[in-house]
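Each of the two complexes below includes chain A, the first together with chain B, the second together with chain C.
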Partner chain A sequence: MPNVSSLAASLNPATPTDMVARAELSEIDASAKWPVIVFLLSGLAWLLIGTGFALISSIKLHTPEFLGDYEWLTFGRARTAHLNSVVYGWSTNVAFAVAFWLMARLSRAKLRHGGLLIVAACFWNLGVTIGVIGILAGDSTSIEWLEIPPYATPLLFVAYALVGVWAVITFRFRKSEHIYVSQWYLLAALFWFPWLYSVAQIMLIFEPARGTVQALVNWWFAHNVLGLWFTPIGLAAAYYFIPKVLGKPIHSYYLSVLGFWSLAIFYNWAGVHHLIGGPVPAWVLSAGIAASLMMVIPVVVTAINHHFTMVGSFSALRYSPTLRFVVFGAVNYTLVSLTGSAMAIRGFNEVTHFTHFTVAHAHQGMYAFFTMVMFGSVYYILPRLLLKEWPSATLIRTHFWATAIGITFYWLELSIGGWIQGTEMNNANIAFIDVVQHTIPWLFLRSVAGIVITVGHVAFAVNVGWMLLMRRPAGVTAPTLFHSPTPLPTPSVR
Partner chain B sequence: MSADPSPRLPLEQAGASDEQLQKVHAILLREKPEPTEGYSPLPLLLLGLMSALILFSAIYLGRYSGGFDPLVYDERILPGMLENGAAPAVQDPKVIGKRVFANCIACHQTTGLGLPGAYPPLAGSEWAQGPEDRIIRIVLNGLSGPITVKSTSFNSSMPAFGPQLRDEQIADVLTYVRSEWGNTAPAVSPDKVKEIRAAVATRTGPWAPDELLKIP
Partner chain C sequence: MNRGPLIFLGIFFALAFSWTGVVLTNQIQYGSLTPY
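The block that comes next holds the complex of A and B.
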């Protein structure tokens, strides 16, 4: 690729600075192309694999004889394989991809040493593959969220070390003077994740802490990996794409600062609320609960910032796929976080803990918020890397409605089922087996929701595959939108 | 398209002849500028919400901290309670004793009836309701040899529980046994167990029933 920005400037000294900046962006996109595509595609593959394991484990919960003869697919293994393929396979891969692209663009720095990142992607995916096969073979460490057997984790460490070094390099070479809010979240997340993961690995697997401390470290990790890894990446993407698609500034810089630092200060404490009622010193739990309540601050602040930026521009949701996915995710971030704060309160927790309510909550966070924001990001990023448009608006529409309706229904029905389960479990007059039997209809509905979501994933995969295989059209193309904002977008429409 | 450049696009005029340049820009050209931040002030209501949350969380943490004592597991304990030495709720020894009795049910059964021909009953047993000096020794060091309980002979052995149960636990389980299943013997105190544990400190083997019968 020739140096387009200097070419444009050299051809016409009167080229507006905006044009030069755009040309610069195209160089940055080009430099990020292969690493981002490799991470995106491996993420997509894991999404499909993870969806398969999700369906298997979901069906097994109401129809236990389903695939009952395969020891590799018993519930304990299939469910764990689902968790690890979607968390470390799909979510982390796509988080890396989106984080690189955003960081390079916002730092206005070309992505250096992209080859290193492709090596990192190979190590990461090899590690996850060995890990998931190890889990299916029965080698799980049986520590929640860290089930990947110890012989696979060193590969993940190597991969992450490469990613971490890269992130610092790109940020160091930034040309932008102002550091945009998305960059704070990205940098923080890229530092937080290795801290969480290495401390948890050492204290739980390589040199296990004793007794209650194990449970504390486990939940500190499992909760923080959501709040200090996936959440910041999801928020960074939302903070970028909402103003980007709308073409107007984010509501308030002050709110951004407040939201970022309050998340950084309070989130780290919140995980211990999973141990309410457990043999943990009372003050540790109370501190965790107080911090969970304080999490209302970053959530409300971020909600104001995101949703007030949207005010007056809701019509854009009609045509922009990116915006529709990202805003769906941002709204769910608000909902899931406020529910999360409520779930930390002792009285509420006594009902919801150990029920499907928690499962519904986890999926609202990881899917309705994080994954949907990532889908929206992919719809924006991929055309810019491949220089092609999305082949089918119908497939995007199918993807959106299937996943949005699927996950909303999943969350609603499983929350209701989980709440009933919780109140029944607290009622000593109801036999445990009856409580279990009463959950079956809700679990069946969950499988139905899962199938709807799967339809969306297949539509997404077909669209991506089609886009990769199709020839790049000659000349200027128009974006693939749900509806045309004008009769026909011409190249002059920015 | 390059044959008909739009007059509104300076770049296309500049590089109209460069097919590649134009294609690279196709998607970027319609893109909105990179996002920026507005500077709307913080809403006053938010300040109120934050203050309320900080106040509430601080009071909550203070109230349910258990005095930040690492050994306090019940958040309802107020910091003052510990310093005054007023124990929170005294646990019923029979409740604890029933829990400790889990060690005994394999032989004596939850019914306290034992297994006929193998293990003697505790319910209605003259031994269980007899002198505490004897039964504390049985639990501490174990028992071996022929024994008659409720006019039936048994000949088996019971392991020593002294090493694994604390004085309070032994007192509680004996109190439970002596008041359950219609038994009506008085409670056993932890101090008594402590006293006998000290007295038999040097003993290693289990007791024989004949030996115990000599103890008043």
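The block that comes next holds the complex of A and C.
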């Protein structure tokens, strides 16, 4: 395999250092191009499919007769198909794409034998497709976050084995001696996910544990998929793109270290707070609640680090799509994590448990934080892979405002509705059917928010499709920004 | 934090800690009880 930096230098030893570095980055991007694009486009397809299932299941909650005659689209199946489409289809595909690109860039190493990664992408998407069809056909396992039928999961394992091995190989052949904070998060996520998934599959599907141990394993897995798989990938991207777009280093290396290790130690105990009030050993719940509250440390530390990196550069949010999406996601990471810690407090949990408040919280984590950071990452990565710019700033603007307003409204109204639902359920004088009926206006508003978000997704998909199909310009083009920065005044020459 | 093996050990023991506490301990303690 040719060594790119030495190739540029060997053609002309007098090549300037920055030009050699650019050539090297461009070769790394070329090596990652097709695997990353295949994962990204698969993810985009699943995003649109998942959004369709989301709208169907959302409308069904306030208008049950909607598509009521279709066995394959009953609420239980459509909602589960939505969850698995967006979690294993959209989120995991885009996480793989962003993780690969970041790992290659930060390791300054070309992605080797990318064709096998494309095979992995085919296996993964085939597994998710069979899984979602199986769910729609009524074969769901009914275990939360593990609903994909057992006959589809071996495909996912094969795909993940290829993906994990390739990420480690890229890291192993790194040229950079320094291991950046984003790489810590990527390595950890790529190691943690297969452990979580395999333990959950074995102890819940293939050789089920007895009694409430199942519930413990289920929430150890499900909460950690958020905290130890999607969260580290999202944070890795935020730690990379915020300083990268601003052109300055992250505020504090030591805060990064503290944030990483405190997340690693505390998050994985937090999931059992979903079982507060349940028939599991009390000490486990207490440990889970304590860990949930200790999560304030990594969250505040990361927020401080990101905030002080941004200080003095907030005006860049006017121009850069990547920065605006990523910062929106980073702010929501802080908010959703602090809310999560509060939800683990017994008094708070008594109100929010079994209500739509939890649904709002989950969407703030998976969408307002993770998905928005991934959107921002795609806006940065795709032009570098395709060597052409985004065709329409208007579509990017539509995408941002539709998704940002949509998810904020979604979170806000469903949190309020969920809180009211919780207080009413705790009131023995209110009949349960009345509580259910009082949630209908909030569920209707949720569908409205969902439609707004869908507009954003369509704008994103059109922009991606347009970009893929348009011709590559002959010369160098300026990046597509929300606004053109005001040019600096030309100094007068005397 | 530039030492890959140390990072690996750290992330391994971090998850092993909760796996032991939440999954393994409870499985040993009452996971094999038969219905009474």
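As a working rule, the second predicted complex is superposed on the first by the 470 of 494 C-alpha atoms of A that agree within 3 Å, B and C clash if a C-alpha of one lies under 4 Å from a C-alpha of the other, contacts with A are read in each partner's own complex, and residues count from 1 in each chain.
In this text, contacts are C-beta pairs under 8 Å (C-beta built on N, C-alpha and C of every residue); 3 or more make two chains touch, one makes a residue touch a chain.
On a predicted model such as this, the values are computed, not experimentally measured, just so you know.
**Q** Report for A:Ile179: first if it touches chain B alone, second if chain C alone, otherwise both or neither.
**A** In the superposition, A:Ile179 touches chain C alone.
**Q** In the superposed arrangement, which partner chain does A:Tyr239 touch: chain B (first), chain C (second), both, or neither?
**A** In the superposition, A:Tyr239 touches chain B alone.
**Q** Who touches more of chain A, chain B or chain C?
**A** Of chain B and chain C, the partner in contact with more residues of chain A is B.
**Q** Touch test for A:Ser286: chain B only (first), chain C only (second), both, or neither?
**A** In the superposed model, A:Ser286 contacts chain B only, not chain C.
**Q** Thinking of the overlay built on chain A, is A:Leu48 touched by chain B (first), by chain C (second), by both, or by neither?
**A** Neither partner.
**Q** One more residue to check, A:Trp269. First (chain B), second (chain C), both or neither?
**A** second
**Q** Considering only touches as defined above, state whether A:Phe191 meets chain B (first), chain C (second), both or neither.
**A** Touch partner of A:Phe191: chain C, not chain B.
**Q** A:Leu258 contacts which: chain B (first), chain C (second), both, neither?
**A** A:Leu258 sits against chain B, while chain C stays out of touch.
**Q** For chain A, give the residues common to its interface with chain B and its interface with chain C.
**A** 280-281, 287
**Q** Using the touch definition from the top, list the residues of chain A that touch chain B in their complex.
**A** 1-2, 4, 7-8, 11-12, 14-16, 18-19, 21-23, 25-26, 29-30, 105-106, 180-182, 239-240, 242-256, 258, 279-283, 285-287, 289-291, 293-294, 296-297, 300-301, 304, 308, 346, 383-384, 387, 389, 475-477, 479, 489-494
**Q** Please give the residue numbers of chain C that touch chain A in the complex, ascending.
**A** Those in contact with chain A are residues 1-4, 7-8, 10-12, 14-15, 17-19, 21-23, 26-27, 29-34.
**Q** In the complex formed with chain A, which residues of chain B make contact?
**A** Residues 1-2, 6, 8-11, 13-15, 18, 20-43, 46, 49-50, 53-54, 56-58, 60-61, 64-75, 77.
**Q** Would you pull the chain A residues touching chain C in the complex into a rising list?
**A** Touch residues, chain A against chain C: 171, 177-179, 184, 187-188, 191-192, 195-196, 199, 203, 209-211, 213, 216-217, 220, 224, 228, 257, 260-261, 264-265, 268-269, 271-272, 280-281, 284, 287-288.
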